[in-house]
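Consider the two complexes below, in which subunit A is the common component and subunit B and subunit C are the respective partners.
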Partner chain A sequence: MRLIGFIIVCICGGLLLYGTSEFPDWGDPASPASTHLSNDYIEKAFDQTQVPNLVTAVLADYRGFDTMFETAVVFCAGLACLLLLRDYSRKKERFYRHVPTGVILQVKHPEKKLPVGTEFEYMDKDWVPSDLIIKNVCRILIPFIQIYALYVVAHGDFSPGGGFQGGVIFGSSLILLAISYNLRTLVQRVKEKALGILCALGVLVYVGIGALCMPLGGNFLDYSALTRIIPWDPHHIRAYGMLGVEIGVGIAVMAVMVVIYINIASEGRHDEGL
Partner chain B sequence: MNTYPALLIVAPLLAALFTGIFVWIEERLCYPIAVLGMLISSFSAYKILMAVLSAGVIHYRHAGWAPPMGIEYRIDTLNAMVLLLITLIALINLVASYKTILVETPDRSGSFITIYLLFVVGLLGVTATGDLFNLYVLLEITSLTSYAQIGLGDKDRGPLASLNYVFIGVIGASFYLLGVGYLYIKTGSLNMMDVATIISTMHDSNTVLVAFILCMIGVWIKMALFPLHVWLPNAYSYAPTAVARVVAPLMTKVMVYVMVRLMITVFGFDYIFSTLDLSAAVVWLATIAILAGGLMALAQKDLKKMLAYIIVSEIGYMVGGAWLGNTTGMTGTILHILNDAVMTFALFLAVGNMIYVCGHVGFDNLKGLFGRMPWTMGGFVLAAFSIIGVPPTCGFFSKWYLVLGAFEAGAYHFAAALIISSLICAILFFRIFEIGFFPEPSDGDDHAHAHHEPAVMVEAPVSMLVPLGLVSLSLIIVGLYSGTIVNTIILPMLQ
Partner chain C sequence: MSETLALIIGKYNYWLYIILMMIGLYAMIVKNNLIKKLVGMNIFQTAIILFYVSIGYKTHATIPIIKDSGHGDGHGGGHAVIHAADYINPLPHVLMLTAIVVSVATFGVAMALAVRVYQRYQTLEEDEIRMRLTEE
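Now for the complex of A and B:
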């Protein structure tokens, strides 16, 4: 079996190398990829969309339809995680730690809960004693990470960045909260329901902006049609359309990151975890 | 008219997102929203087909940019037909499977409907698009959602079957993407028509050859052509009923459509059959696929598994027909995309009803099924006749074109395989009929009166029987109108 695998890998590799024999030289300015469409994009994109960052213009406008579905792929991933991993069965027993004495209590009745606060804390298999330094450093860092994430989303038109990157940074700030405190803290602050709605809402913002263009007389995602309701220069409106969809992407990516993390870290139970 | 190509895909997408939100607020609203989305989508598909038939190819520019710069939907009679097929099957299945969704995924039916709609969006996007990369993105959505849905099936074996499918499916998609990458390096374009124009001048290029091979292997993995089929039987038989009913008729058929589209529109017959001359090898491969699929089906003891192997065999029909290199064979393949989707859908609808009533469909559990579920078995018999190829069901006509095409091309082995496969299917289904008709006396059963007791009818609910009835009747209607379909839809596009 290994031998067959090795032979197949060799054949595939050979095939790929054979195909490269007619490739244009590395960085060749006369190659088809840099002459056929690139010139048009480089020359016209700024006039047509008023977005200085060409990558954003191609991503969110010329090929905005692809990007919309990439966001939908992210949404699918979050949804798949939720569908496959989420465990709705009730937990049979709970453990609590009496903080002043360190005694651990087991409560077998599923309905009975102890008041959690300064006296008792939740206890599960991954419990670790809280660390003052880590907690406080992360507490200071998280707001700055989040502001930076918003900057990356908002500034995608002008410099590298955009919804995907910003969303990931924002999501990772929430995951940092779960790592530095514990998962329960995150789940209490950001409710599962809110995250679930945000996943779909982010994509809905994107699709909604696109669909809004249709009753206004444009094609799907043709932001220039939005001038009917916002009286603005038809080129400039494209930049704002892109900003709108980038915000949608940011929301969706952020929510999906956190949903995936919570579901995998807690094996779908949400109340247990790190 | 202009908005229908967008509405076709945006309606189910919006419905999916709204159900994704309403899952958390008011779960009862999910199902009506989904049905509404699919209704709008089906209506759009119908309008598109009518428009294409009267006015020719439709172009729709997403975001308003002209084709090589932006993404374009290019819908001719071939995709219009497949689009209507997808929307109708997805809609009928949503109605027919309402009860099974509630039974099989009770605590997550809302999210299940969301992912189901996204799966349909993926299939529609793959079919409607005129852009090679857009096709890949939608393929990714289709695959991801089908992995998730299959993983929800059988508690023990569903996730494992899904995981196998993930590994092989991702490899298939990567092959396709690599092929598109090679094409892009050579042409600088992603639009199908544009790429076709550019590569028509570089037929002797190694890069285009490798791109072609990579794309074809990718698509073959995704459609489960014989040596690459190993993911299919488990994935389809351990999936939840509502999923198996839509994945089995549509997923592989849409991939056959993609192959046909790449062959006709992007690479062109001249390149494939004159410059490369790979036809004979692929037709042999298809011949082996047909026979291997049939033989493996014979060895099965479970109805769902048996049907899954019949699909493997049917894929051989379509690949072989497309690669015969003549119009008759290609006509047979395209007609078979339509027919096989309807036949498989009817079979899986019937099997879904049996599972809903009997629990599982191992052969031992089918005894006396004609007495207990006469209506379901009626639909099953019609669909089985169509798979075997009994006129006037539709399966006969596409097989007829395939056999004619094989003779025209001199590929007698392929024609022989088609006929042998019909015989194997006849054996397979008559074995099921026999089990279903005659309840075997159980061991030590010497009570004579046991044979005189009338069978108690325990049919599936009406909401599941009516769709099955409609689809089985459509088998005959599609069969009777085969000539019209070939003359108005398929032949104009091939010329």
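Now for the complex of A and C:
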């Protein structure tokens, strides 16, 4: 099996390497990929959309449909993760820690519960105390990461950035919270229901902005029709439309990243895990 | 010989992406562990992303963000002519931007499936899973 695989890989790679001799050189400005459509985008996109970041202009305006369905794919991936792994069955035994003394109690009866508060603390079977340094450093870092994520989303029209990147940064800040404290802290702060709503809301914002253009007299995702409801600054109306769409993408990506992480790390139980 | 060398140096980006892609393909075919297969799949995807980004590159060009756009005055486009040769191709970047996030999301689904397989069969080795399947 190992040998057959190696031979297949060698043949495949050899054919591909043989094919590259016909390819354009590295960095050739006259290569087929850089001659037809891309020149048009580079020369006209700024005049047409007033967005200096051409990647955002192409992503959210010229290829708006593509991005919309990519967002839908991300949403479906989050949904698939949830449906595959989410486990609603209750655990039979619970563990509590008495905060002042550090004594650990096990409650075997499934119905009985101890009041969780300052005296008793809920804990998981494979609980490990988190490190003080890691906890504090992450607590200081997380707000700045989130501010940076919001900046990346909001400034995506003018500098490198956009909804996908900002959403991933925001999601990873929440994942950092789960890693540095524990998963329960994250689940308590950001409820599962809220995450599910945010997943759908992101896609809805995107599709909603697209659909809003239709009753206003434009085509689907034709942001210039939005001048009816945003009468000021009609010159930059496409930039506003793209910003709204990017915000939708950011919300959806952020929520999906966190949903995927929570479900995989805790095998769908939303209590233990990393 | 020197011609071959010039050919390789002129197109070294393709060589890199093909080597990387074949590493991923080898892992996907040969490895027995499902997680290792997933790692191979991710390497494969990364190779394709590298390929796309590299074909968007132009020598003596900068990132596709229009300089001197003069945002603020509202009529920035008029005063400077934009030459396509000055900016690298934005289209592969757009395609890969979405592909990266979608690959992360699909990787998450693959991991979820692997977790389910592990819960059911208590193993991630492919031959052992096949053995369990024939036993049932």
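Side notes on the structure shown:
In this text, the second predicted complex is superposed on the first by the 267 of 274 C-alpha atoms of A that agree within 3 Å, B and C clash if a C-alpha of one lies under 4 Å from a C-alpha of the other, contacts with A are read in each partner's own complex, and residues count from 1 in each chain.
One rule holds in what follows: a contact is a pair of C-beta atoms (placed from the backbone, for glycine too) under 8 Å apart; a residue touches a chain by one contact, two chains touch by 3 or more.
As the structure is a computational prediction, the values presented were derived from the model and not from experiment.
Of the two partner chains placed by the overlay, neither subunit B nor subunit C lies in contact with A:226. Of the two partner chains placed around the shared chain by superposition, neither subunit B nor subunit C is touched by A:254.
In the superposed model, A:207 lies in contact with subunit B only, and not with subunit C. In the superposed pair of complexes, A:263 makes contact with subunit C only, with no contact to subunit B. Of the two partner chains, subunit B and subunit C are each touched by A:31. In the superposition on chain A, A:6 contacts subunit C only, with no contact to subunit B. By the touch criterion stated above, A:53 is placed in contact with subunit C alone, subunit B being left untouched. Contacts of A:39 after superposition on the shared chain: subunit C is touched, whereas subunit B is not. Applying the stated contact rule after C-alpha superposition, one finds that A:66 touches each of subunit B and subunit C. Once the two complexes are overlaid on chain A, the subunit A residues touched by subunit B in the first and by subunit C in the second are 16, 20-21, 23-24, 31, 33-34, 37-38, 41, 63, 66, 70, 73, 77, 80, 84. Taken in their complex, subunit C has these residues touching subunit A: 7, 10-15, 18-19, 21-22, 25-26, 29-30, 54-59, 61, 63-66, 69, 71, 74-77, 82-85, 87, 89-94, 97-98, 100-102, 104-106, 108-109, 111-113, 115-116, 119.
Contact residues on subunit B toward subunit A in their complex (touch as defined above): 2-3, 6-7, 10, 13-14, 17-18, 20-21, 23-25, 60-65, 68-71, 107-108, 111-112, 114-115, 118, 121, 125, 133-134, 137-138, 140-141, 144-145, 147-148, 151-152, 159, 178, 182, 184-189, 198, 205-207, 209-211, 213-214.
Within the complex formed with subunit B, the residues of subunit A that make contact are 15-16, 18-24, 31-38, 40-41, 61-66, 69-70, 72-73, 75-77, 79-80, 82-84, 86, 88, 193, 196-197, 199-201, 203-204, 207-208, 210-211, 214, 218-224. By the touch rule above, subunit A contacts subunit C in their complex via residues 1-2, 5-6, 8-10, 12-13, 16-17, 20-21, 23-29, 31, 33-34, 37-39, 41-43, 45-47, 50, 52-55, 57-59, 63, 66-67, 70, 73-74, 77-78, 80-81, 84-85, 158-160, 162, 164-165, 167-168, 233, 235-236, 253, 256-257, 260-261, 263-264, 267.
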